[in-house]
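The two complexes that follow have subunit A in common; it is paired with subunit B in the first and with subunit C in the second.
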Partner chain A sequence: MQSLGISVLFKGMNMQRLLEGLLVTARIAFFSIIIGSLLGIALGVIWTSKSKWIRLICRIYLELFRIIPILVWLFIMYFGVTTALNIDLSGEVVSVIVFSLWGAAEMGDIVRGALESLPKHQVESGKAIGLGFWDLYRYVLIPQAVRRMLPGAINLATRMIKTTSLVVLIGVIDVIKVGQQIIENSRIEVPTASFWVYGSVFILYFIICYPLSKISRKLENKWNG
Partner chain B sequence: MIKIKRFIQVLIITVLALGIFAGCNNASSNSSSTTSTNTSTNTSTSEAKGSIAEIKERGKIRIGVFSDKYPFGYVDENGENQGFDVYIARRFAKDLLGDESKVEFVLVDAASRVAFLESNKVDIIMANFTVTEERKQKVDFANPYMKVSLGIVSPESAPITSVEQLKGKKAIVAKGTTAETYLTKNYPDIEQLKFEQYTEIFEALKDGRGAAIVNDNTEVIAWAKQNPGFVVGVPSLGGQDTIAPAVKKGNKELLDWINNELAALGEEKFISKAYDETLAEIYGEEYKESIVIEGGNLE
Partner chain C sequence: MKTNEVLLEIKGLHKRYDEIIALDDINLNINKGEVVVILGPSGCGKSTLLRCLNGLEKVHGGDIRYRGKSLVNNDVNWQEIRQHIGMVFQNYELFPHMTVIENIILGPAKVQKRDKSEVMEQAKQLLERVGLFDRKDSYPRQLSGGQRQRIAIVRALCMNPEIMLFDEVTAALDPEMVREVLDVILGLAKQGMTMVIVTHEMSFARAVADKIVFLDKGRICEISEPNEFFTNPKTERAQQFLNIFQY
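Here is the complex of A and B:
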């Protein structure tokens, strides 16, 4: 019976469909992480501002994404905002927008934490040798902050990859949805299909997430050593 | 120095905010240019979306179907949409647009079916959509093409042929299903053995932990067919629910078209044909009567 279960993976175009689903997952995650990180670094720098108001706005922005579930954001953007503005965005584009905004919020907090944890004399020394605002961040603060925020940022990236499984609810066919389609399609003929399909989905996620943690460990070792 | 820093911070915020707005504006100006071409048909813009004229101009009808509910709406191993709902949806496309390939299947989930209609992302939902009072507030249902009710499956050696026979015995149900609600409300004296998962209730019956399973009739019929030694003694029980295509609230034009179409298809017994093609294999010929509705009217 077991050989029957695994055969589901290779029936018809099933394997190719799973990989196509994985590509959708990877594409959404990749763009969101890139855009989210860039916006997040900008947000983090803004956040270290002394102005109470700017800090408050940043705080509210982060809390909006922390308190409101990502699923709700996807629904608001896909069904609400597009209808209100009368624009037609595909589910995938909406996913990238929502995940980027979420990534920016969380990343902003990580960057803020890293910048604020730097000893104050770094800023003062930088200013003392006459560095301007951009140079101070570019050469002194950001490089040091990046090292401190790396574990948090990688953690966020893997979390974003895994959370992309929510996009099925706005009609995007990702790797998990393809898996469910295959399981349901063979529910009666091959009742053990779920084990094999979810097993391979697990391996596919591992393939995307593992390199990330590997890279981060390498970088940490390199910078520490 | 601090002033410059603050100035730059404010500047960055403004640029980001503008960027977001500009992005939205771009996209909306694109779509408004497409809608303005649509308004050349003499319907007003608000009605244009999803109207028959607009569907014909688009050349494709968007129908929301399930992709993981075998055998009603699923995707086969080659990535093609298949199933009972899909079979009927293809015919709709053929009769409206002249070609059954002129349908774009939007794969929906149970939880988001109403939202897809409300936000104009599909023209029709045919994702095994059960007609309920609550849903009627939000969408318009056409006439039904299928009915569902509860069924009772029991071992052949000790068949249960009426719900009364269950008194003093244990009825196996899945939690949160219509079956559970129905028995609790109408037969409170029947003892229920409840499980979380569908697979568990079938295992429980095999182990003899209860006298029979009460569940959706489509589920129990399909299961009994696969498991010799078990028989569906009661194929339809309790309140009958119907399944119908749904359109966006107020889209009367499309709704009337579907109702006329269903009536016309009833003449040639098309829904029965859809049953033969997609469901007969799983449920068998003999249950056609308890599932199919022809011509959109339920006697």
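Here is the complex of A and C:
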């Protein structure tokens, strides 16, 4: 029966549907990581402000995402905010918004940590050659911080990719949802379908996440070498 | 090389860190072409004084004037002033992610918006002068401490400053590398660069200085010619300080 089991993946349009689901997952993850990183860098720079109030606001923003589960954020956005504001957003767009805001919060914390770990004399020697605020960040601090925060940022990216599996719950047809549909349709003929389908979902996630950690290790070696 | 034109005028300068009084009623003039060496025991305020001169510390009283323009109000454009008053620190403070040449041309290119080929030409001349042109594509971590400090000096010089501030630039170096860095500074003195130097190298201080300023507990104890200071200091405190350096 095992040889029959694996055939469930290739029956009809199943493989194509799985890959389409994967594309949705990848799309949400991709845009969220890009937008979240850019917002996160801005947030991290603001976070290093000397003002106690600005630091507090940044901290509260981060804690909101740590305390309230991402699933609840998805529900608030998808069912709450869209009705309250009377706008119509697809589940995928809502997912990108929520994941971007979450990514920005976590990324901001990573960027802040990296900036604060840089030696103080880097700031002073930048100032001493006349660099202004923006040039100091752009040419001196951010490039060095990026090197330090890379492991944390990659870790965050893989966490974001994995957490996209929650989007099923606001009706987005991602790779997991497609997998469930395939399993349900073929449960009678192929009792081991769930093994094969979830097995391939596992491999598909691995295919997205593995290159990320590979790239990060490459860059780290390059910068340390 | 000392002229009569006053570049920096420090009057009644006062600076504190919470309760600690770091500088108290400092009065000092620095003329164009003059080399002023600041000496004094650890914690007497030497670094603080230099840092006040290019705006890294906020002052709490008195006045600093550069070419007659006050540097102690809130609307001073420090970005502009720092192009005229360069500073080199004790720590190797090159930017580790940039090559030597990138370190050097960052300020001239991005702050002063100068023509790239002109800056490169100047950088080349300066690097040749300190004997490091062949290292222009190295990263700071590939250089020795002495080499890094010479590059840091070149980086500051490439901005064409009118005054250079040196804060114990050899203090973190192995003894055999001190000389190569001090020689560069001595060369600058011969060319007539205006400099304020903090150092613990006494024979260098004597050789390079037009004027020795001796600080103690945030105050100026005495200002003397170098020969006079080293052979016959005016104050008891300075004599005690000099005795430390004799075995």
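The rule we apply is simple: the second predicted complex is superposed on the first by the 225 of 225 C-alpha atoms of A that agree within 3 Å, B and C clash if a C-alpha of one lies under 4 Å from a C-alpha of the other, contacts with A are read in each partner's own complex, and residues count from 1 in each chain.
We adopt the following convention: a contact is a pair of C-beta atoms (placed from the backbone, for glycine too) under 8 Å apart; a residue touches a chain by one contact, two chains touch by 3 or more.
Quantities reported herein were computed from a predicted structural model and do not represent experimental measurements.
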Superposed partners subunit B and subunit C on subunit A - clash or fit: fit
Partner chain in contact with A:Q180 - subunit B first, subunit C second, else both or neither: first
If touched residues of subunit A are counted for subunit B and for subunit C, the larger one: B
Touching partner for A:G130 - first (subunit B), second (subunit C), both, neither: second
Touching partner for A:H121 - first (subunit B), second (subunit C), both, neither: second
Angle at subunit A between subunit B and subunit C, C-alpha centres, nearest 10 degrees: 160
Contacts of A:Q144 with subunit B and subunit C, given as first, second, both or neither: second
Nearest Cα pair across subunit B and subunit C, whole Å: 7
Intersection of subunit A interface sets (partners subunit B, subunit C): 127
Interface residues, subunit A side, partner subunit C - complex: 119, 121-122, 124-132, 135, 139-140, 143-144, 147, 223
Sites on subunit A touched by subunit B in the complex: 11-14, 17, 39, 42, 45-46, 49-51, 54, 57, 75, 78-80, 82-83, 85-89, 127, 133, 168-171, 173, 177, 180-185, 187-188, 191
Residue ranges of subunit C touching subunit A (in the complex, touch as defined): 54-56, 78-80, 82-83, 86-87, 89, 91, 93-97, 106-107, 110-112, 152, 155-156, 159
Contact set on subunit B toward subunit A in their complex: 1-2, 4-6, 8-10, 12-13, 16, 24, 27-28, 30-32, 35, 67-70, 74-79, 106-109, 111-112, 115-116, 118-121, 199, 222, 226, 282
